[in-house]
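What follows is a single structure, and I will ask about it in a moment.
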Amino acid sequence: MKHEPFFWISVSCGIVIMAFILLPLIQMMSAPSVGMLKETIQDKDVVRSIWLSIYTAGLAALISFVLGTPLAYLLARSAFRGKRLVESIIDLPIAIPHPVVGIAILSVAGKNYWIGQILSELGIRIMGSVTGIVTVLTFVGLPFYLNATKTGFEGISPRLEKVSRSLGASLFSTFFRITFPLAWRSMLIGLIMCCARAISEFGAVVIVAYHPMIAPVMIYERFEAYGLKYSQPVAVWLVSISLILFFLLRILTLHKVKE
Amino acid sequence: MITIRGLNIDLREFQLRNINLEIAENEFFILMGPTGAGKTVLLEAIAGLIPLMSGKILIGEREITGLPPEKRGISIVYQDYALFPHLTVLQNITYGLHFHRIDKTHAEKRLDRLLEVLNLFGLKQRFPVNLSGGEKQRVALARALMVEPKVLLLDEPLSALDPNFREEVRGALKRLHQSSTTTFLMVTHDFVEVLSLAGRAAVMNKGRIEQTGHVKEIFEKPASPFVADFVGMKNLFKASFNETYAMVSGVRIEIGRTVDPSSQYLAVRPEDIIISRNKFSSSMRNNYSGIITQINNQGFYYEIAVQIKDVSFKGLITKGALIELVLEEGIPVYVSFKASAVHVF
Amino acid sequence: MKERRGYKWLMYGVVAIVLLLPFGKSFGDTTGKIIIFNAGSLTIPLAQMEKDFEAKYPRVDVLREAAGSQKCARKISDLKKPCDIMASADYTVINKLLIPVYASLNIRFATNRLVLCYTDKSRYANEVNAQNWHKILGRKGVVWGHSDPNLDPCGYRALMVLQLAEKYYKIPRLYEHLIANRPKENIRPKSVELVSLLQTGNMDYAWEYRSVAVQHELKFVELPDQINLGNYKYDNFYKQATVKVTGKKPGTFLTMNGKSCTYGVALVKNAPNAEAATAFLQYMLDPQGGLKVLQKMGQPPFIPCRVPTEAMKSLLPKPLQNLVEVKD
């Protein structure tokens, strides 16, 4: 079968993009020796830092889920003055340079600012703490969760919810029986995006917390101190573990075709 | 049963002004009007899905104006069925039972009856994605009636269906209405549905109700030019009135009765206009000769436009009659209609 | 017609010349880039020096990268990053990590001393003084820190001050006690990062060079000369402090011994722009040039600068030779 030029152009672009993404990654993943990889994963500091990355990203996703879901629903369903403004503000964290995010959060968390003073009195510490890391990761990950979930809600006809209410269901019941079962896949995809964004964050975290050390900071530190040879294996482990996690989560979103 | 007093809605996209309506229990009432008239808005306001700016809604003696939708006992059926895609047909129909305390045996009996009347037995375990349009609408109806609502609102329930399904579901609607005490309030464009299902109706335009009354009355005695045009009175003219006759652009039309001096328009239904090749004597007081200017094929019948001096009249004629009379554009014909067929307002 | 054609070619010619201008190199003039890796505490003085130097030599672009001094050295020796000049907060770092393979010159040009910095938002800010600072740093709830000893001399020097304090105030186990109140989270790679933590109120006290405290307008506690690593007369006392830091490979270690803070600058071997780098050093080591800038910014320079041996002096490029003296 003969294909049109447009088809071949699309395929070529696709191949270029795949190569662009895969070649550097494959080179990096295959650079360390097996021995080096084994040695790295046995280093307690490395394991601790990868685990810290995963679990702070997970916490950030959880917070995004709890705080972001009601807002996403509100944005999907209502029209109000200034809605565009709110949506633009939500997208702001994506546009701000990462070190600027770190500096901003640090300034707010310090005793020179009223929020910092309250935190200090409550004994909550942002600088150099897991709390601080989760704060930063939530800041950068929220927009991803919000946008994916909002789109998910928008894809559900409001009429379904109206019918549900007319049949006697309250707003809460309607949400849990109708909206959520239809939207959960979008929400899960939003969580995955939020997690992915959080695990890879570096520039903002390194300003707020050098220790405890998340994996990207460790990779950078090792690179600066010892060079490629000692930082690549950590990178390989982080990327591999993240890939497996995301793959498993993605499988959950596969649509089961019901008969 | 349903009483609406002074209802006003003012939202950015749509407005309703001073709506007053009284619908009796177990009536089949129809809301008509052009697109954008506000019919769906009114339905959703009655269901409690849209907030009011002012006004009252009562069901029976009970005022429901401030109540949330789930407490009103009003079901709604939409044009696009709005079936819950993740639930089976049976789960869809019994959805409302989670929120109403209905005795189990009673519920089962009701379920069986609905399944029977709407012919849904074989579809119980299917998912909406595997149903045809007509099947989906029947499930939607069953779901709405399962909770025994006092009022059933229907928003153009038949317009998304294929013509063959339409008749089927129309029949089901009639059966359901007759076998229950629920008041039906339906929105539609289709006059066939209006004429076959409704007792009384209202015509809406630009957020207001133009006319309320029995269907026959609306079609035969429209209260305003808008309603007249809407119900298909094609021969609508501005006229000056003088005792028992009127003048329309130099053509004298006998009305046979004295009319309200403030009247400005007259209209004649196309069906009431008789077209013939030869002059014939009859009791009809309006007789004219004119030229056929247009013959339009309307499917089941033909619309003939006849020019009489400066006035153009439109009449309807079957295909058979067209052939028999050998009508063509440009030939002279005679036009007659009764004085009583002239509607004045 | 012919006239217009000629006009077009003239335009092309002008455009071509304008586009090619940046690539033209004028002979005999100092041009090009100078890459400097410098210690964090030299950032502000060097920024001023860059401005002054570039005003004199407009065709030169000075590019500075600040980091802890060991990190600077590693960038040259391990990562083989191109560099013309390295300016270290501790000249021994140049000796230990760069000489002889990557540099053969090490010119000592300035001194400094450690102080304890704070702001008026710091806990117990209205109490702290030269006598009670070590009690305050040990109090629960006080957030204090220093830079990473493995990457920055200011880091290991801060630890040395604490060790010396134990001996000076004769308080046994003071060092252990203080370190216990300084969790890892309060360590940053570069000492200047601590400044922004102080300024935002995220940290109460930080160990910094006096010059940095002055440059950033921070409050600070002056310590007795015996422990502040600022007076070479006390070198014998300072010797008692030792800190182990990481070596070239993970798992290997170096021992740093307490010594008065002496800054060193090296001209890197195989520098990409040795000609311009020499011109810069000529300016920097001039008592009326760079050294004056340092003086103004609270960092006492050596006038003249010093090299340890006659041999090294002879290795210096000619223009620099009369700016230094031989002194051990």
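For reference, chains read A, B and C in written order, and residue numbers begin at 1 within each chain.
As a convention for this text, a residue touches a chain if its C-beta (ideal position, glycine included) is under 8 Å from a C-beta of that chain, and two chains touch if they have at least 3 such contacts.
Remember, predicted model here, so these are calculated numbers, not experimental data.
Undergrad: Indicate, using Cα centroids, the chain positioned nearest the centre of all protein chains shown.
TA: If one averages C-alpha positions chain by chain, the most central is A.
Undergrad: Taking each chain's centre as the mean of its CA atoms, which one is farthest from the centre of chain C?
TA: The most distant chain relative to chain C turns out to be B.
Undergrad: Measuring from the mean C-alpha position of chain A to the mean C-alpha position of chain B, what distance in angstrom results?
TA: 54
Undergrad: Just how far, in Å, is the C-alpha centre of chain C from the one of chain B?
TA: Spacing between the chain centres: roughly 88 Å.
Undergrad: Starting from the mean Cα coordinates of chain A and chain C, work out the distance between those two points in Å.
TA: Comparing mean C-alpha positions, chain C is 38 Å from chain A.
Undergrad: Applying the document's contact rule, which stretches of chain A touch chain B when the two form their complex?
TA: Going by the criterion above, the answer is residues 79, 157, 159-160, 162-170, 173, 177-178, 181-182, 258.
Undergrad: Note which residues of chain C are touching chain A in the complex, please.
TA: 67, 71, 74-75, 78-79, 121, 143, 150-151, 183-189, 196-197, 199-203, 246, 249-250
Undergrad: Spell out the part of chain A that touches chain C in their complex, as residue ranges.
TA: 103, 106-107, 109-113, 116-117, 120, 125-129, 209-212, 221, 224-227, 230
Undergrad: Note which residues of chain B are touching chain A in the complex, please.
TA: Touching chain A from chain B are residues 12, 44, 47-49, 68-70, 72, 74-76, 78, 80, 82, 84-86, 95-96, 98-100, 127, 143-144, 147.
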